[in-house]
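Each structure below appears as structure tokens.
Paired with chain B in one complex and with chain C in the other, chain A is shared by the two complexes that follow.
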Partner chain A sequence: MDLLAFARGPALTFALAVFVLGSLWRLIGILALPPWRDLSPAREGAPPDWLAALQGIFGKMIPHKTFLKGGMFAIVNGYVFHIGLAICVFAFAPHILFLKSLFGLSWPGLPNGLVFAVGALTAGSLLAALAYRLTSPVLKLISRGDDYVSWLLTFLPVITGLAAASHIGARYETLLALHVLSICAFLIWFPFGKLMHAVLFVFSRGATGIRFRHRGAQL
Partner chain B sequence: MTAKTTASGIAYDVQGDRPDVERRDAALQAFVRDFAATAAIHMESCLRCGMCATACQYYVTTADPKYTPINKLKPFEQAYHRHVGPFAPVYRFLGLSANVGIDMLQEWEALLFDACSLCGRCTLACPMGIDIAELIKEARHGMYMAGLVPDRLELMDRTAKAWGSPATPADDFADIIREAGEANHVPVNVDLPKADYVITTAPAELTEHTKALTDIAKILNKMGLNWTYSSEGFEASNIGYINGDLELQEKMTRKMIDNALAIGAHTLILPECGHAYGAARWEAARWYGKEIPLRIIHMTEFLGESVASGKIKLKPIGETATFHDPCQLARRGGVTEAPRAVLKALGLELTELQDHGALGWCCGGGGGVVSNVRADPLRFKAFELKKQQVEATNTQHFVTACGQCRITLTLGAKKFKWDRKVESLLELVADNLED
Partner chain C sequence: MKHDETLDALIERRGVSRRAFLKYASYVATLMALPPGSAAALAEGLAKAKRQSVIWLSFQECTGCTESITRSSSPTLENLIFNFISLDYHHTLMAVSGEAAERARVEAMQANKGKYIVVVDGAVPTKDGGVYSTIAGVSNLQMLEETLRDAYAVVAVGTCAAFGGIPKADPNPTGAVAISELSGGKPLINIPGCPPIPEAMTGVLSYVLSFGKLPELDHFGRPKAFYGETIHDRCYRRPFYERGLFADGFDDEGARQGYCLYKLGCKGPTTYNACATLKWNGGVSFPIQSGHGCLGCSEPDFWDRGGFYRPLPTPLGAMGPALAGAAIAGAALGIGAAVAARSHRNGASATTGKDKE
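Now for the complex of A and B:
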């Protein structure tokens, strides 16, 4: 079995298993705790919980203007690499084919050249995020090992993907194998660190949405 | 009670003489014991993006990263991952999360009590929506159980247990009300056996703002309502809510509400106090396990409703004003329109602060900070933000609807020799009732 076959075969299977089971374990471990039932009467006109949760989930996508002054870089750069990652993962034709082989669903992609450019921008944005984390006194203080591991395991698929797409540094098959292995590492780490925020944001924002909208408070 | 200093030179207070390990365990057990799903979700969701720092007055005015809100939870986050989180056994087995030491808790006492007013501005800045202020309250519960609370707050706690209020013995309450009535020439009702409305107070009214006691009496009399103060359940500020003393919080909540129900009241009016609103309006039902058959409203809501319904008419002042939104009322309570409606009815032309409503800056003294003299320097730094924004409005009146905010802002004004009077919305209404 060559490296690419290993990456696409047992490595990816194992990674997906850890990703799914680990994520479920973490989610169940959190959600199985007793709920905090708010028995206070809701503010008149408060939305039902499901709508309040949605207001929290979507409302939090746009930061309040007053917080831009101190957090402009983190906000803008955060948008850049999140959107960039989404485009690279879901709008690159080979990825769409791969996802179709897994889930049977497909959709139109963007031109490869455009996705490559977005990938390069995303890599730059991720590097900027790391530089910010390493130089901001606040981030230096609050950062944990998880932050750097999660950063690395997000950056590696981007950079190996760019290398594979441009055939730079090694044989294409080797680059592709490294790309797939980097994704395996990402998937294995996902349930254990902050990468899980891709799932948790729904619950975290939703819970605050319910708490605040119940009170008629702004989110 | 003893004031001590950590190895790194940080002052902390300690109550009792238990062994350190016992304290540590008490703190962590209290923190993890009542862990609910929402708190766990929020403990799991931090991205360490630092956005909460940009929202915190103590960080913004000092640029000291230790005041980053999420950093204030560090020992408790560590304890959560070690003892509660889904991977806690793995963390312990692999030694990935060290047990929190007493030295860490001692060092964090000042961050949790001196450098957090529970204002919750960080919650609005967090892209994950983590309710940091609520988590700080949970952490304060742990600190209280460990006997690691600022002495001044612990003194208020003990006083409230003994007297039923941190401000005055319950036995003296009726006399204070009657004396205020006589001094201000307003008929007052106290300890009536039955009434529709029960009026509660906060320490600010019983000490520095006694006119407020008769201001509301004047309004209720004018409206012809059947109301009373009550010595059995007058204290609404609930120091247990602030200190993390949940047993006291429950006791004071029950006392106040059971008393109102016994009087047959349909409405309990909370004083101009932000934390009273948080403790009674939003948390009281927690202790009963069911909805309480009593309407609990803040003074500002009552004024807003009375103005809107035309039950009170006001003489227009015809000047300009700005308004400081108390955090627990506006940001964490959703009451932003009522005070503005009342200001409008008073004929005051409102110029908003640059940051107002849910996004306004805290006065700096909430969450017990104003009572915790050790925090004075930090509180005065935070005050500078408010001072700048008020000055920028160039208005004649500076109004708020919380006695503790009013005290904090007045202390700040005195410190900086700032010639601005901080006015009460209730007082403005009472002073401008149409005959």
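Now for the complex of A and C:
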């Protein structure tokens, strides 16, 4: 079995199994906890819980103007690499084929050149995020190993994907195998580190929205 | 034809013009990506070359490789190269000669000790002493060992000889192996393909005859001149791939427009061969041009790579059971964690209540 067959076969199966197991473990473990009950009456004009949750999820996507000035770079850069990652993952034809093989759904992709350009921008943005983390005294202080591992495991699929697409550094099948293996590492780490925020942010922000709005706070 | 006759003499005898011969030398030099000055050196080397003794062994194979090479584009200089070599033994072509053919093989080995080239098409069965394929009562394994002993070099023609091919495909009932596993350190050139391109074969032969050495090979022992680039890199449908235009079926609008066959399982991106440039039947076409994706036939284990119509980025093997098991285990762990958290909290509340009492 060559490296690519190993990556596409046993490695990917194992990584996806760990991803599913870990994600469900954490998600069900949180969602099956007793619901939070506030026995106090809701403030006058408080929206229903579902609306408060939506306000919490989407309202926080644009930071309060107080934080915009000092954190503009982190906000804009954060949007750049998150949107960039989404485009690379969901708009590149080979990735759509991969997702179709798992879920049976497919959609039209973007031209490779455009996705490649977005990928390069994403890689640059991720490097900028790391530089910011290393140079900001506050961020540096609160950063833990998890943050750096999560960054690395996000960066590796991007950079190996770019290398595979442009055939730089090694033969295509080797680069493709490394790309798939980097995704395997990402999937294995995902449920157990901060990458899980991709799923949990919906619930944490929703719960925060409900609690805040119940007490009359504006979001 | 005498063994010491040079190619130059043969060409003169056959009435082939010097210009045609130089054209052929330039063609081979171009095919093999040799430096510009090499065409003259190649022509000179070929002209002085003496008849090369070749012993062609056919083992576990379908005869497609021999068919491909013997039916290479009609009377050309490539054919002349084949006519020029002294094909002292070819199992398939000489089968009707029986024992006489076997004697010719032994005589050629003795007469050209250390000088003859062994060409092999087909894999070699090794299980149960190699009884699954025998020629004149001799197992392929024995015949290969015996013939290779005093050979100058060995050329494995076709994917079966080069990598085991279809005989080696899972579950490999005969224990088939590639020639590289049995060549015992002899210089080896692999010319894989199912079948290989005839020009790759003649190009390599011309190179060996002219320069007296093996051409530059890749890590699979394939001549880089013919196997240095992927089908995808040289495919005329590549621009469609870059633009994200694909055929989704063999008879849809995308297929009619000639879009990229990547979604239909084309293995061009991971297959190293010259099909897209040299093509087949005298440069008429090649599989992708005829509307079918590349099968990856010049790569090891191409038969066991998850299916010809499975796109490259998709996972190999059935994931369903593993993922279903993981989902059940994850859900059970999650519920268990929540139950433990609830009972912990209830226990803490009860303790707090008791304390208050």
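Criterion: the second predicted complex is superposed on the first by the 214 of 219 C-alpha atoms of A that agree within 3 Å, B and C clash if a C-alpha of one lies under 4 Å from a C-alpha of the other, contacts with A are read in each partner's own complex, and residues count from 1 in each chain.
We take it that a contact is a pair of C-beta atoms (placed from the backbone, for glycine too) under 8 Å apart; a residue touches a chain by one contact, two chains touch by 3 or more.
Since the model is a prediction, treat every value here as computed from it, not as a measurement.
For the composite obtained by superposing both complexes on chain A, the positions of chain B and chain C are free of clash and fit together. Once the two complexes are laid over each other on the shared chain, residue contacts for A:E173 go to chain C alone; chain B is not touched. When the shared chain is aligned, no partner comes close enough to touch A:P157: not chain B, not chain C.
Counting the residues of chain A that each partner touches, chain B and chain C differ, and the larger count belongs to B. Of the two partner chains, neither chain B nor chain C is touched by A:G84. Within the superposed three-chain model, A:L33 lies in touch with chain B and with chain C [touch as defined at top]. Once the two complexes are laid over each other on the shared chain, residue contacts for A:W25 go to chain B and to chain C alike. By the touch criterion stated above, A:L97 is placed in contact with chain C alone, chain B being left untouched. In the superposition on chain A, contact of A:L12 is made with chain C only, not with chain B.
Of the two partner chains placed by superposition, A:G119 touches none, neither chain B nor chain C. Seen from the C-alpha centre of chain A, the directions to the centres of chain B and chain C diverge by 170°, a value given as a multiple of 10 for the model superposed on chain A. Across the superposed structures, the minimum distance from chain B to chain C, using CA atoms, reads 6 Å. Touching of chain A by both chain B and chain C, each in its own complex, is seen for residues 25-26, 28-34. Residue ranges of chain A in contact with chain C, taken from their complex: 2, 4-5, 8-10, 12-14, 16-18, 20-34, 93-95, 97-98, 100-102, 108-113, 167, 172-173, 176.
Residues 230, 232-233, 241-244, 246, 262-263, 269-270, 300-301, 305-306, 311-317, 319, 322-323, 325-327, 329-331, 333-335, 337-339, 341-342, 345 of chain C touch chain A in their complex. Taken in their complex, chain B has these residues touching chain A: 35-42, 44-51, 53-55, 59-60, 63, 65-66, 68, 70-71, 84-87, 123-125, 127-131, 134, 281-286, 288-291, 330-336, 355, 357-359. Residues of chain A touching chain B in their complex: 25-26, 28-36, 38-41, 43, 56, 60, 63-64, 66-67, 69-71, 74-75, 78, 136-144, 147, 192, 194, 196-197, 200-201, 203-209, 211-212, 215-219.
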